[in-house]
Each structure stands twice: as C-alpha cells, then as structure tokens.
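Every chain is named by a letter (A, B and C) in the order it is written, and numbering of its residues begins at 1.
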C-alpha cells in the first residue's frame, strides 16, 4: 500500500541543536532531552543529522543509549544525514570514506533505513562568520573527470556496503559540488548506477544562493525519478534582474518559493516512497519544522488509492514492506 | 443582513494551476480535479481566473461541464477574473472587448455575479523570464486623454451589458495602467459613472513594485468607496531610503505590509459587501490562500450587528439579496 | 511556583492602534473598543504602549474609565511601555522625567506591576516618512560620561519611586542609545544598581538595523540575567557580506532570526519570571502577536517543575506572589 499523509515518515532534523558530547557520562540524558524535545514538538520521527551527534563515531554502548533514548522519547529514527564529510575531500577523503562506512554500520545497528551523504566540505572561516554561510563562497568541486570518477567509485563502494546491510544511500544536492545542479546530480547517480543509491533533492540549498539559480520545478522534474530521501525546506526569494541583487530568507514550506504541493505530486508520479526530513535554518528551526510537518500532511495524499509512478531507484517504504 | 465571517464569500483564485485544455475529452475531469483540490484546501468558493480556463471561450457543453464539476466538488463560483485582456490594447483592444462581452455571457450562464477586468496587457518575454514579472518593466498605458476616454466608453459598454445580465463589473488595480494609482483608478470609475462598475483594489499588485509606492492606507481610503470586488494578497517589503533598493516577497495576509484588519474595517465603513478573492504568487499559493481564508475569518465581523456604510457602487450581496 | 505556559502573563502591545483621544467624552468607549479587540484576538493581558494612550497624562476619572474598560473587556494590564520620552533628552529631559514619574503613579493606580522606559527620542521627520523608521538615521546618545551619569541618576530616581510603589522599572534596549548594545545596557543597569530596575531586552529593535548587528544569542546571554520585562518580536534578515546590503522584514516569532525557543531556555536559566509583551510592526501587528502568543505557549515550560535560575534583579511574578 502506498504511503499516505497518515503514515508517511516525516522526520525532524536535529541541525538546530548544539553538538552533543557523547563522551560525557550523561550522554543518555543528553540524547533523551533532545529527542524528547523533538517529540514534544509533534514529531514521531527524527533524522540524526551528524552535526548533533556522529553515529559513526559512537561505541556500541553509546549507540545503545541512543536507541533507548529514542524509545523513551517515543520517536523513531528512520534516517541519518552525514554532512560535510566529502569522500573526495583532497585531504580527508579517505578518512571521510571510512567515517561513511562506520555511519552505515551505525545505521544498521540503530535500525535506520537510509543514510544521506554529500560532497559539501567544511565551512570556511569566512562562511562561519557570516549570518548565512551560503552567502559566502566556499569549497567548489573541481572540473576534473578523474575526481568525478573517484566520487562515483567511492559512492559505489558505499552503495555495496549499504546493499549488504539492507540500507539505502542518498546523495544530497549541494551547491558547487558534483551534486550542485540537477544535470550533474543525475549524471553522478546514473554513473553510480545502483538501485540502492539515489538522490536527496535538497533544492532549498540551491534556491537560497546569491547568484542565478536553476528553476525549482525543472530541478525536481529531473531529480525526483532518482529520489530516495528528501531534505525539505523552503526560502522566500526576491531578485532584481537589473542589478543581480538577490535576497533569500528562511521561510515555511507553505510560504516559500518552492511549491511543495506541486513537488509532492511530481514525487508521487515518479514513485517516491521515502523518508521526508524537514530542515530549517531560521531561528527556531524545530518549531518551523513542526509547522511544516502539519503543512505537509495537508498536501500529501489522504488515501492510498493514488496512482504511484515507478522510481528508477529503490524506495525505503517498499524495501521495508 | 450584512455579511459576517460565517457567510462572507471568500474565493480562492486558481491562478496557481496550469492552463486547462477544455478542448480535450477529459475536460470535465480536469475541471473537477482542480475544483476538488480547491475545495479540499478548505474553500467553499472559487474565482475563475482565466489563466486557468477562459469561460468566455467555452462552448455551452463545456460551460455546463464546468458547472457540474463545481457542483460535484461542492464549490460555488461567485466571480470571474479576466486578466491581461485590455480593452484598449493597441492591437487587440477590439478582440479583448469582444472576449470581455463573451466572458459576461459565460458568467451569466454560470450564475457568477461579478466579473473583474483590467487594463494590464500581455507579459513581455523579459517579464516571463524573471523570477517575479513585476520586477521587470512591462506595458504602460499612455498619457493620452483620448485613450483614457476610450477606456471609459468601453467599460461603460461592458457595464451596460453586465447591468442587462444583472451582473457587476469590477476593475482591477494594476501598475502603470489607468488603474495603477488610487487617484487615476477613482477618476476612471467616476468617469464611467455606473453603479454596476466598481473597483477591485488589488493593491498587492502595487506594494510589491521595485520603485516608490503609494501608502497602502491612502490607496484603500480612496478606492474602497468604489469597491465591489476585492483581490486580496499581501507582501512583506523592505526599502532602503538611501539607495532606493526595495525588496518584496509574497507573504500571508497576516504577516505582510497591508493590515487587512484595518482594511476590513475601512471596507465596511464604505459599505463593501462583495466577494473577496484570495491570490498568492508564492510557491504553493493555494495553501497560502487557505491560511489567509482562516485569517480573514478572524478579522471579519463575527456578528451582523455592525454599522455598515454606504458604498458609491452596487454591492453583490445586496443585489443578490 | 514558577510560571508555566498556562499562566505566564503574555501581553499584546497596543502600538498598532491609532492614538486615543481621552479628552473626548467617548473615552470609555474608545478604551473598551480597543481592549475588547485585543481580548477578541485571544489575549488575557495587554501592555499599555503610550503611543495609544499616555496613562501618566490621564486624570483620575480617565484612569478609572480605563480600568473599567479593561474589566469589561476581560483583560488585565500587567505593564506600561513609555516610549520616546528620554529622561536625558537635551531639551525635554526634565519634562520626560516628570512624565515618567506620573506614569509610575498611573501604573500604581491601575494595578500595573512593571513600567518600561527607554532612551530613544522622537522620530525625525525623515524617519516618519520612511516605510520603516529604523532604516533612517535618528537620534544618537552622545559619548559623554556626564550624560551617561545623568541617565543613571534619573533612572535611580525613577527606581526609588517605583520601589516606594511596589513596582518594577525596565529599560528597553534601543539602537544608538546607552541601551543600544548589550555591553552598554548591562553597564547602565549595573551602575543604577537597584533590584527594582532591570532590562527589557527588546533585541528585535537591534536585529532589524541596516548596518552590522550584534549576535542575538550573545546579546541575550549578556542581558537576560538583568531582565525583568521583555518586549518580544522577530525579524527575518538577509545580509550580503560582500556589499553590506542588509534586508529585514517583520516576521513571526517562530520564523524570524531569533530562536525564541532557545531564548526562553536562557531566560529561565537566568531566573526570568516577568511579563512578556508581544509587539509587531508588520501590517496587522495584533494578529501576528496573537499567532506569536500561541507559538510562545508551545515553547514555554508546560510544567512548573523546571530548574529556575536566579536573576540579578527582582522578578514581578515573585514580587507579586
């Protein structure tokens, strides 16, 4: 049975929480406090963004405490988002690859079904100082076919590991990387060519940029056939075509530039049946995500009798069923 | 009895839907799908914006299918908004006049009570390419008393036709036309001088413009005495008086620059008892309009015992009663 | 018992209402209309912003009418905000000081517990003409230790008067005054050095400014230990670090730059138990404040069993209890 508004896994990102310190003796309480706050905001599902805690760096007892904290909070963990650990980082690529493998193992231990990786790299000092990091030029993947091929090989390696564990890998779209345009992201995932490896069309990352942006509808039309996980967020945007001035502010999913009403229809037409992970960089991101969850439940199908298309990649809900 | 929050006709625009194709055999289904989606969003009333379907170009059976689709969806059609078909277009003015007459006939056939026309003309290619068309210079009505007089005569002709059919005509305020400032709009409607022809003070069109704007309160104070239909939307706006830089983003009615709480009070003081049609150009305009409908019902009068002013033009609710 | 979401006094500002005219015979009706509208928007508490009515300038019967209007409307008056009446105004400082004393007496007569004063001065003509007054350079307190000392002495004088009446004084943070940065505000309140005189960290005033701004979290960390009253509002903001261009638009507390979820946690950690007064300069500020009240009740503690820190100043809820 296809997913409906009532049972679709909609997870809150924990990106708005300060980094945890699982080395401290109170780690179980830290975890339970955060997960309870997420649950109290109205969520049944949480995405483990590794800016809060890195599951791949937790020992078995720390992982176990995390599982128990989720159980106590009454919240499920359907996904992990590992960010800024590019497997083609010139210096740390191999370390990041090893970290990514450990993250897959941790996902399996936690019963998580999908892990999102990306090619974005550490923020520069100037990015960290800015009000919004995306306003400042950061890392760019090189125009280099060998590096591109390396990305393909390393993601294939992660895909094989994920397949062995019964998991899916999703690749997050992010500016100025091989996942930074719809065309390049599709090319990457096609060259990887595995049903277990799909895209995470986090196009909120792309419509907030100061320069010219791709049309959001075209980006989704191209990438949704490969989508197996979805970071959803929205921005309001204005542009002056005469001067190139662009302004973007974090918005609710309902009010922002991307029509998630249309996006959901497109996603279903392409067979999407994966976790939707809500993110927001405004001040109280968790509350905005809770508002977005209510919105999303209004635009997701109410009944399971809709026409579901066929995805080009595996879908978690169908894998699990 | 004056209208209250409970019975005021608040219609959703269908401007966010892709153009329909009533020539196709599935036109009845197309119509029902769109109208059902509008109804599912919480609306009892829909405005037929002719960017979705042109009632004036439908045959009797197509109109009938539209009526039946509305009945099936459980939604009423109190208004039609015909846009970008200026009756003083240098090339297509007579065609647009004929189209406007056909639209009035279609309105009568559908049981629609008010039809909104405007003087805005087709978007230029540069406007169509921009993120927001209002950011790019488009058509401007000439400073020409003869063309102004032509507008008066043609709207009088439409007004007489509407009067014969028991309908009202409303003229939408839109930038850089004879309906582009409150003073010019009032002058136009006064020169037309018919109780069946009033204004549609869609000042959301005007407060989003990049250049200097009229004060929203003054615009409403001048135009509400002539208002018989109301396209309501809102924008958030910032301006730098030092550089002239202006930014406007589509907002909810509650959050934007115009206080619709005050605007509603002013409207009642001027005897307004017409359809309010909600529009929004953000991504998911229909959902924002649904949010705006709930907002509007909080600021409209709860009871019918309020002091209603006297309008200078006919009001649909009073005509119909 | 510490305050919870259920009993925390959350007041609406009346800054969005046009100035009242208590000299007119219908003053009781004027007052009841405004206070009923605030109550109808969902509020149990109202802040008497003196842009609507100046309690310090009301006679005993006018004050009495105001009290009765509040009783009829079913709304309590826990606070008064006196604005733009700086006690160090070069010309009107002594007048403003006398007005401030009268305002304290009026507060006592009305049963109000806290009065907020500030150092902001009258808007300039250019500020009054701008869409947003904060976009235009206005008054700046001089870098002058004697004037700073005068501010300290006059606020001490008001603090003693307040203490005699069993009231608290709160000092509103406002740009380009001695209360315009967190460091200067803390220095001022420390030099005043009275438990009855605290800060009103209205940092919404500061994060909307066109130039560089202090980090909102750092401002709150510094000022919340001294906070005894809180004007809460929020703005969405974008900045271009390359050009210095900044845009700020009035937003809801949930969507804007400041995380009030975090701010509330910090406030409790510093023992805050005072009135929260909601303000908004968007169009329909009262409705946005009503939305913000619902938001705030979601992020305030649900139960009274939380760990309350110790404030460096007196807290109204604890004084009253």
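Convention: contacts are C-beta pairs under 8 Å (C-beta built on N, C-alpha and C of every residue); 3 or more make two chains touch, one makes a residue touch a chain.
This one's a predicted model, so the numbers in the text were calculated from it and none came from an experiment.
Student: Enumerate, in label order, the chains that touch chain B and chain C alike.
Tutor: Under the touch definition, chain B and chain C have A as mutual neighbours.
Student: Please tell me whether the contact surfaces of chain A and chain C are same or different in residue numbering, using the over-half criterion.
Tutor: Counting which numbers both chains contribute, under half are shared, so the two copies meet through different residues.
Student: Just how far, in Å, is the C-alpha centre of chain C from the one of chain A?
Tutor: Each chain's C-alpha centroid was found; their separation is 40 Å.
Student: By the touch rule stated above, which residues of chain C touch at least two different other chains?
Tutor: Residue numbers touching two or more other chains: 236, 245, 247, 249.
Student: So in the complex, which bits of chain B are touching chain A?
Tutor: Against chain A, the touching part of chain B is residues 16, 41, 126, 130-132, 135-136, 210, 236, 245, 247-252, 282-288, 291.
Student: Report the residues of chain A in contact with chain B in the complex, numbered from low to high.
Tutor: 216, 234, 236-242, 245, 247, 249, 253-262, 295, 298-299
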